[in-house]
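The two complexes that follow have subunit A in common; it is paired with subunit B in the first and with subunit C in the second.
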Partner chain A sequence: MAFQPQPARPSPQPTSGFGFWLRQNIFNSPLNSIISLLMIILISWSLFNLVTWIVAESDWQIVWNNQRLLAVFQYPSDLLWRPMTCIIIIMSLFGLNAGVSNEGIGHIIRRAFYWILGLIVIIAIVALVYWESVRLYWVIAALLPIVFFFIGNAIPQIAKFLSWGWVLLWFVCTFILVGFGGGHGHESTSPMRYVNPNLWGGMLLSFFLSITGIVLCFPIGIGLALGRESKLPIIRTICTGYIEILRGSPLVSWLFLASVMLPLAINATPAGIIRAQVAIILFAAAYMAENVRGGLQALPKGQGEAAHALGLSPWDTTSIIILPQALRAVIPAIVGLFIGLFKDTSLVLIVGLVDIFAMLNQIANQPDATLVAGGILKELFIFGSLFYWFFCYRMSIASRQLEKQLGLGTR
Partner chain B sequence: MAVQQVGENSQNSIPFYRNVKVIGNLAQGIFLILVLVGLAFLVRNVIINAREINITLGFDWLATRAGIPLSESPIPYDQNIHFYRRAIFVGFLNTLKVSLIGMVLATLLGVGTALMRLSNNWVLRQVATFYIEIVRNIPLAVQIFFWYTVLFIPSLPIGGNGFDLGQGILNNSGIAMPWPYYTQNAVLWLPWLIGALVLAIIVFFIRRRQIILSERPGNPWILTLLAFVVVSLVGYFVADNRSTYPENLALNFKESSGRFTSYIDANQDEAFTSRTEETVRAIPIIAKMDEGTLTSIPDKRKEANRTVYSSFRFPLIKKSEFEEAEVTFINPENAEGLSIHYNKFPSVGQIYKDRNGNGVFDKGEAQRTQEEIDASGTPEDGYEGINYQVQMTVKNFERHLVTDNDGETKLPKFKGDNINTRAELKSASPFAWSKPSFPTERTGIVGGQILTNAYLALLIALVIYTASFIAEIVRGGILSVPKGQREAAQAVGLNGSQTFNLVVLPQAMRIVIPPMISQYLNLAKNSSLGLFCAYPEFFKVSEIITGQSGGAVPMVIILIAGYLLISLTFSFILNIFNNRMKLVER
Partner chain C sequence: MTTTFPEGLVTAFAPDGGEKIVTIDRLNKWYGDFHVLKDINLSVNKGEVVVVIGPSGSGKSTLIRCINRLEEHQEGKIVVDGTHLTDDVRNIDKVRRSTGMVFQSFNLFPHLTVMDNITLAPIRVKGMKKSEAEERAMYFLEKVKIPEQAQKFPGQLSGGQQQRVAIARSLTMQPEVMLFDEPTSALDPEVIGEVLEVMVDLAKEGMTMIVVTHEMGFAREVGDRVILMDEGEIVEVGTPEHFFTNPQEDRTKDFLSKIL
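Then we have the complex of A and B:
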């Protein structure tokens, strides 16, 4: 009997390569293949339409013509160096912070810095070509942060001063933006003259309201959270009541309340931006309190008891043992709150402020837009969406990375 | 002894300012006083200032005529009759209407998206991820702007020129769709419905007990649903059979306005006296007409992104409603060489001059050439105006109508010598199926139910926005169930759907429900952005009233109290559900 070799087994299916990936992820069953094909056709068709629209039909002239209104609204044009200086200072500190460390949270900050710097570099190139009056500032805003990045890299010991820098920064920037001296902006030509808050608007307002909101709601929120966790019944009840009432009604109603009642309640008529800001801060404080409370509750009880046993006073226990740990745990939630606040600034239109969304609404009603058949709406909408989307998306990425870094979500 | 001594001593020696209890109470007292004084100061200022500039702090104005038009209302509302309090209540109901339906739809879309993100199909996963990452990073206000201002308003055609959906129509005021109106006979069905519900509950408990005793997997819902459907259907047929019309029910037709009124002819004089005779709602009728004409003067009309020249519009009449219809020029001598093109036969169309002689309407043929404009001496660039007036002649017209809440319904205003408009009653039943119709050439829908564009825009934006958050919550919940649970379920022989329904889902629910509750509350609160699309919800109505009544302060208080009521009620109900889920999970 002759030797009969057994027929060779068929070669195994490859478990790597593009073909394997396709079989595994797109054509892994008849039904999935059909769904995939249909979706791919649908997506290609929409993309094709979108691209043809962008290339052939869209008209961005109206956005370009209104660039200053969209950016700063009626902030005096000879004072544009002031918001620009704020951008430069903020970016420099950001650069310093990003340069200090590339470990853990430092890595996340550095990644975010690269993104924002990339955006500013692009704007600076546009500025170099088109914007004569602020050309210089944008170039500085793109270059100085890089310098500070390397300074931070060289002197990492600077890290311990940075958190104070950020706190100080808010005061400095607010001061630069508001200016000083009485009277009305139009009479004086001084470079640091007072700018009427009614002239603020556009992106400047969106950023200012949300950043100020998150900064100033912080101490109130911590106080409320501690109050709600406190053993003293009256304080607990009042804080709980405040938090639940503020959270129980939408922000628009508080903005509305502030614009109607605040002038009556404090015997003065503050500018619209201050009224809106007060409402935003008080509203955000309730949410901040709930976030901080989450951190307080997540903290093991032993931490406080150990501090107590060591003889620390209640004040010291709270301020150097409990709060630092609790706040560290809720950083992602605070970023989330900031994203929410940033999106919510689009509501200030109802109290008569002109943020970027309100400005887009106004532009949609300009003759330039309405005289065109069908109106120029898609371009305005896309521009506004991209503005919000870029910053919110970038922050949500950072928030997710922070969550991972701090070991949350894996409990 | 000595220990006690020390204890007593130390107790006596603690000064009050170092006693924790005393300090605590003192701090509370001071805090309370500060809060109260602060509040009192603010309230006092409000009262003094309000008196000074003469705005009311009372609630008397609630009982004065509202006089504000509200574009939609789930309950009867007339701005000339009803008071402010009714208007506020309408706004409140509108908020509930959009929130409740939004919650259901957002849950469906959110769970669907979560399953897409977890599917083994790469394309689906990517689509779901893109959707989530785009939608939740753009403010809701901007999204409402997109749906309403960018999409709906410019692209939906006016009135009767809307998209025909068969039974309904989609146009610039919204989707008009057929709707069952309950009639007086609905009462006959009610006991059956209640009976069906009771039976269903009994069946549910018996069946569940059986399943538990049998110790086999099973679903009590199928039989429950079956019992409910069968009994309520049988009940409907019985009620339908026993349905009758009230005595002396009569129909009145007023030719000048084309209006039918269903009423109780109390004095049997066959004439309707609006002051003394009572109207009856929801009476289904078949209106008929022998031969009548309608006229229209062609004019220019702005559509989505173009101007339509030489356009004529008649009240919308569908092909199924007549035997014969024809559109002709009233003065043919003015219209030499002109033809008629229908965008929607026979109601909407354009007049054109067939310059290239191909017998069909081509682009630009509805506009006059420069020579024609120069020759005629009139500047109009279309074949427009009284000279080109057209008329539609309709023969043997028949339309099914249902009278509305006022006992009224309308036909187009036909004219002619032998119109012979009449109506007959359809057979009585618990519900009357009312289809929307357009008795005038612009808007003015009669019958059916209309979902306005504002409502749709708000609902779609809310659902899409909230669903993107819900999807992430659900995904997180499903992923949080340890893999071992699934493997164990398979090891004991459960199949795929049993593993998901009996093992994964109950455990995921425990994690999913609390954040879902806060998303539902967010949705309800976010409905206040309806003001960006002119949907008359609670906040929008309050804002209008504040500008008008002078009762700004009380209105704001009502507004916030109303939203608190909604939030607390929802969170109460949802937390009951949450607690039940917790118990089940053990």
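Then we have the complex of A and C:
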């Protein structure tokens, strides 16, 4: 008799589909079923309330009416083309950078570019309809980066100039924002006249403080971490002391100290934004140093030894072998620090600077808001939270992609 | 040699007449209070294969790590390829350029491809052109029989392949002397052979080698001289034949009886 395989029988119970998933995860025991039901009721109830509020009660007029204050605070209204120009050139370089490569890190940059460009396109459409004075700039900010994207795509050789481009960009943007000449006393109508940094605020200030902080705390932190691991006792002591002292007090106290003590120490009173910026950078650098040190210690000793044995110079050993490996080991911690730093810039309201959160606070205290029954707070702070959430979430995504990307080599 | 040595001190000088590549004269080293190397005298002729054996903790690894200054010594003189190894950074650089080292744990750079691992030093240290360095890297990769792995990352290779890449990486710098620090101790038994094979080829081509190993077969077949170290001292020196058939010292006999 020929061999007859036993016919396959269907499983007595479904092993896939929504019903199966529900039974496995939500209603897998009597107690869990009760908890699940309670949670579903609770969540539906809050969602219902929230949606009712958004549809029927919320009034976003106050955010809309104060849009310019939220964006740039008291930056002169005839000079708005200057921050707009900064957005245009930053986005153009971003586009160029994103266009150059779609491999590895390039892919991550490109994805981030799409997100930010998408945001700007939405704003540009709003600008086309409502904002006559800056309409043109927003449209350029949405279109020019796309042109540069394709330029970068066509000439990938420019990749090696990009990092210098970003460094140069910081100086160019700062110069455009600050301007020159004019002085304080007399009126000037020059388009490039000096704008007192005390007039900066809102999102402009939040972005400036956090981007500059992130960019500058990075190299200082690396230097401190290497210094703390140094063989020379003097350098080691100085770096350790610096890190422990800076980490020992909250950022708020350093912001105060920078506002009050820095003028005493250097016998001059730089603008409040500079004092706050210095405090933020130095504070973040201490945390950065500890993160990087964690990466340095995670590295096997043999890596440095192999580099020495091959005759690589100490500089090459550090910059090609040690740091790239140490940094990739602590990317989540570093991005976490950046996200924290971005949000912590809201503390500058303590020393009288008006970043977006301080601005929201001020608006909430305006008669417009306080004269409404109960005051208008929810819409303002929901808007502020969304602003922070969007950029922090985007940084999180980039961090996850970066981890995945850099993991390739070690696996 | 005109210097006189204390009685009972074993010296391992290479036979006269050859060109001395490495000369170590009364080397002493301490870790804190612990005396790891005691009055080591050793010289190696060009083209010689010296195998260092001994129980773990006897100072063999420390000894060869002193030769390219991965460890600092406190007393004594080390001369490598005519360069006196001192605190002078230029001398250290010179010595490291004339020595290559292969480690027990490979120590390839995991974030660089095999090709970049090999070409990094020729480009950065010798100022070689990238194309030239890659050509040379391929030559040595073929020599260790894994040219097809050039574009992979170290983590994608087996232990034996990684160690062969490490050997190729050292060879590409064209050292005068190769130092092997237990090159097969971290390998799975079935791949030890492929690494030893490469080392045997290298020895046959006349490379000067100082090899710390537990592979007695390698010592017996390839070694010109075998040195037994114990407790930071050189206990006995001799040809493999002398060592494995007619050892003189009790400690040598004891060690060999344990591992053979």
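To be clear about the criterion, the second predicted complex is superposed on the first by the 360 of 411 C-alpha atoms of A that agree within 3 Å, B and C clash if a C-alpha of one lies under 4 Å from a C-alpha of the other, contacts with A are read in each partner's own complex, and residues count from 1 in each chain.
Just so it is clear, contacts are C-beta pairs under 8 Å (C-beta built on N, C-alpha and C of every residue); 3 or more make two chains touch, one makes a residue touch a chain.
As the structure is a prediction and not an experimental result, all values here were calculated from the model.
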Problem - Which of subunit B and subunit C A:51 touches, first, second, both or neither - result: neither
Handout entry: Contacts of A:300 with subunit B and subunit C, given as first, second, both or neither
Key = second
Practice task
Report for A:308: first if it touches subunit B alone, second if subunit C alone, otherwise both or neither.
Solution key: second
Practice task
Could you say whether A:248 touches subunit B, subunit C, both of them, or neither, answering first, second, both or neither?
Solution key: first
Handout entry: Comparison of subunit B and subunit C by subunit A residues contacted
Key = B
Exercise for the section: Could you look at A:167 and tell me whether it touches subunit B, subunit C, both or neither (first, second, both, neither)? Expected result: neither
Practice task
State whether A:122 touches subunit B only (first), subunit C only (second), both chains, or neither.
Solution key: neither
Exercise for the section: Kindly classify A:41 by the partners it touches after superposition: subunit B alone (first), subunit C alone (second), both, or neither? Expected result: neither
Exercise for the section: Identify the partner contact of A:264: answer first if only subunit B is touched, second if only subunit C is, both if each is, neither if none is. Expected result: first
Problem - Touching both subunit B and subunit C, residues of subunit A - result: none
Practice task
Mind listing the subunit B positions that touch subunit A in their complex?
Solution key: 24-25, 27-29, 31-32, 35, 42-43, 45-46, 49-50, 120-124, 127, 133-134, 136-142, 145-146, 149-150, 154, 304-307, 525-526, 528-529, 531, 539, 542-543, 546, 552-553, 556, 559-560, 563-564, 567-568
Problem - Footprint of subunit A on subunit C - complex, ascending - result: 68-70, 93, 96-97, 99-101, 103, 105, 107-113, 120-121, 124-125, 153, 155-156, 166, 169-170, 173
Problem - subunit C contact footprint on subunit A (complex, rising order) - result: 300, 302-303, 305-313, 316, 320-321, 324-325, 328, 406, 408-411
Practice task
Please give the residue numbers of subunit A that touch subunit B in the complex, ascending.
Solution key: 25-26, 28, 32, 35-36, 39-40, 43, 231-235, 238, 245, 247-250, 252-254, 256-257, 260-261, 263-267, 339, 343-344, 346-347, 349-350, 357, 360-361, 364, 373-375, 377-378, 381, 384-385, 388-389, 392-393, 396
